[in-house]
Amino acid sequence: MTAAPAIEARGLRRVFRVRQGLFAEPRQVVAVDDVSFSVPAGSVLGVVGESGCGKSTLARLILGLLPPSAGDVLVDGKRLAELDRRARARLIQPVFQDPFASLNPRRRVKDIVAMPLAAQGDVPSAAMASRVAEMLARVGLSEEQGERYPAQLSGGQRQRVAIARALVLRPRIVVCDEPTSALDVSVQAQILNLLAELRRELGLTYLFISHNLAVVEHVASEVAVMYLGRIVERSEAEALFRAPGHPYTRALLASVLTPEPGLGVPDVGLGDAMPDPANIPPGCRFHPRCPQAFDRCPREAPAAWATAGGFAECHLLEPTAPAGLAGAGASQRQLAR
Amino acid sequence: MLDVRGLRVEFGGRTAAVRGASLRVSKGETHCLVGESGCGKSVTALAVMNLLARGAKRDAEVLSFAGQDLLRLSDSRMSRLRGDRMAMIFQEPMTSLNPAYTVGSQMTEVLRRHRGTPRAQAVDRAAELLGLVGITAPGMRLGQYPHQLSGGLRQRVMIAMALMCDPELLVADEPTTALDVTVQAQILRLLATLRRDLGLGILLITHDLGVVARVADRVSVMYAGEVVESAPTAELFAAPRHPYTRGLLRCVPVPGKTRRGEPLGSIPGVVPRIPPGFRGCAFRDRCEHAAPNCAGAVPRRPAGPEHEFLCTLPADWTLREAAA
Amino acid sequence: MSEALTAPGDGATGRRLAFLLGALIVGVVALAAVLGPSITPHDPFAQDLGKRLVVPFWMEGGGREHPLGTDQLGRDYLARLIYGARISMVIGVLTVVASGLIGTTLGVLGGFFGGRIDDLVLFAITCRLSIPVVLVALAVVGLMGNSFTLVILVLGLLLWDRFAVVARSTTMQVRNLDYVSAAWCAGSSSFSMLVREVLPNIATHLAVVATLEMALAILLEAALSFLGLGVPPPLPSWGLMIAEAKDYMFFSPWVIMVPGVALFALVFGINLLGDGLREMLGTQDAR
């Protein structure tokens, strides 16, 4: 691949300082810890994980809404920090989770969609109106709906407005942060289909963040699994769902309840110790919940080992690990990251 | 055990939230009420528990629990029944737990109010139940406040609290929707165990077809205030009859079954708001099989033992369509 | 689902009535203030010592000539009351405009940018809150002599604290909403984000504050005028009318009752209006 990846994260880290009480020392919460990845143009990287794993912070870092504590974000080969905001806006745009909070309730739909064009400052108003009309039609909204206020639209229609606003500048990259979690299933399917169509037509690259693995499996070409701020497994999507390498990924996959009767509810075997980003366990950060943890896990942070479709950070995948526990297809070499 | 027939709920004469819903829950059975937001499933649960907001009108042909007519029960007797023989848990435990009291004092309060159990005994019972719902170190948890617990733990505490008086019926309104998938699986396993071990009847309200498939014995699909299809779980998923049920099932991506990257099935349009006095099928605007006679009376058709659906299409229409 | 559960409460119609009553009172006073001279046949400054303390129409001996009677100098009381309304409204509105501009600007800037700017704004608010408004007003007017403009200036420069506090906290809430994030990602300038995304969404909160501050400014002006440090005579401010009437209140009680009731009614009406606004705000947020 010679072209620069659409998104590249290099050693991203974000620390929040949280004050616990009036006189207590502020504590450090590491929301994103040394995250690196690259997303080739035209593909979809799905990011999954439980709440509090840092996936939304990652989205905000990639969008530039939060400055990283360390590391770099490169968009289309350019350092995000060096681009001015209008140039960024032409490259990368967000679609947020809650369409009730992501649209300004005091503006008409057509003005919301026109907002990114207006912010550019050099788009003539006639061109603006025609591009807004074209975009609204493209996401399946009528001209009449463009005159309405967000409160007069349903959840699915609002999410269409958010998508139209994101795409009106013709960006190359869209960061979708849980775009369908607030929607009903029948509407979720409409929105997922629309996003897929638009990606094919416009050659978009998505960073697709979701807690719903079934949805990620459907849309992503590659998947990153986050746990307490780190990507613990990254893999080509099809391989990840066929042969997950990390025990955490396996637990996540096992907990997906597909609509297939008779299978019962799986035993995930994670116990009730909940992950706390303010108190990250030493060694492998997953070990307190890991059903396969052994004596090395609390002592030593695991390196990234190759899996069928990528890598995972787990001692069990090390070629010299206790036999029989290693994930399928683990190769002999440690991945250079 | 719980028998609801022809339940109607209206809000101020403008919105008919529930329009003649019927369902039954037997002892030791999990009955799932499934539907999208605004279909009236939560209102149905609240109507059964008599917890509707003021200004709501409830009416039913039959609404009985363990032989008692809930429609005629006085408010005070109903509130004695609630939390004692029938208990309810909600989606967000934080709204139903009082942040100012410890878990222990809230749990024992239930037992002391309903049964007059002495404090020491109530504490023992609370600790026992926290253990039963899979909470390690129950003694410590009893002394904690709700905000000190994670979402999954709070929901377990809610379930334990609901079990304090050995209820026969548990009404659970989206109990796992706000939780992570891993925790959801744990809570649902817990509910399944309780049903088996204690013979609990469970009315589980959810929008998640995955949850329905894995835990329900019987399913009622609600749309716009009506139960449009009701069947044993296996049969509903194998041979759904109502066009809405079929549409809903096609919307859900299933890893390994739906082809990746291919469009999902979807239902056009949105759930309508139904005014009182509406006639005909409420789904007809979104239905691909809609015909002129859908605006008239809609028959309830049997499609097998214990399986019926509300539609103008004949019972065997799916077979005919497949043959054609 | 939640929308179906919130059936209209029983108090809704009562509250709407209260709001309408408030709007009616404020509307009548505002109309009187605007129309002023064209609706009264008398000059509020014209003295007629032959007709001192004429009784109002509801008392024995009252007549149509002076419906609310006359004061101790024989000036028509209705005309003075209407002129007083003009003074109260002008002071109320101008004070709110001035203090609203100062407070909103400070609050929005602090809430939106945070950091150093917010520290400064907080410091300014704390300083302002430690200034005793009435004492400072008394001192300034006492030093510089009382005039209409000075009263407005003093009140306008002192009453911005609540605007700043409310603007700051609501801006902080709105700033974290996704639509502001979206505007940021779209490359909007800070100014356009403040004007298009933030201000319209905190405007209703500020309107509620404005009603409270307006009522407060009107009361403060009345108090200052009563003490002889507000609007200079012979301008017919309601506070001044009460002050002038206090010597006659035992034998001619209406001279103190009429401006007193007018003042009470106006402040009451403004507060009802504010309550109604807040109520509408609440239901709108829930919807």
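Letters A, B and C mark the chains in the order given here, with residues in each chain numbered from 1 onward.
As a convention for this text, a residue touches a chain if its C-beta (ideal position, glycine included) is under 8 Å from a C-beta of that chain, and two chains touch if they have at least 3 such contacts.
Note that the coordinates shown come from a computational prediction; the quantities given were computed from them, not determined experimentally.
Enquirer: Can you tell me which chain lies farthest from chain A, using the average of the Cα atoms as each chain's centre?
Expert: Result for max centroid distance from chain A is chain C.
Enquirer: Busiest chain-chain interface by contact pairs, anyone?
Expert: A-B
Enquirer: Approximately how many whole Å separate the CA-defined centres of chain A and chain B?
Expert: 31
Enquirer: State, to the nearest whole Å, the distance from the C-alpha centre of chain A to the C-alpha centre of chain C.
Expert: Those two chain centres are 51 Å apart.
Enquirer: Give the residues of chain B touching no fewer than two other chains, as numbers and ranges.
Expert: In chain B, residues 37 touch at least two other chains, as defined above.
Enquirer: Please name which positions on chain A make contact with chain C in the complex.
Expert: The touching residues are 60, 63-65, 85-90, 92-94, 96-98, 101-107, 112, 115-116, 118-120, 151, 162, 165-166, 169.
Enquirer: For chain B, which residues count as touching chain A in their complex?
Expert: 36-37, 134-136, 150-153, 180-182, 184-186, 188-189, 192, 207-216, 233-234, 236-238, 247-258, 260-261, 263-268, 270-271
Enquirer: Considering the complex alone, what residue numbers of chain C touch chain A?
Expert: Contact set of chain C toward chain A: 177-179, 181-189, 192, 196-197, 200-201, 287.
Enquirer: Quick one: which bits of chain A touch chain B in the complex? Just the residue numbers, please.
Expert: Within the complex, chain A touches chain B at residues 50-51, 154, 156-157, 184-190, 192-193, 196-197, 211-215, 217-219, 237-238, 241, 251-268, 270, 272, 274.
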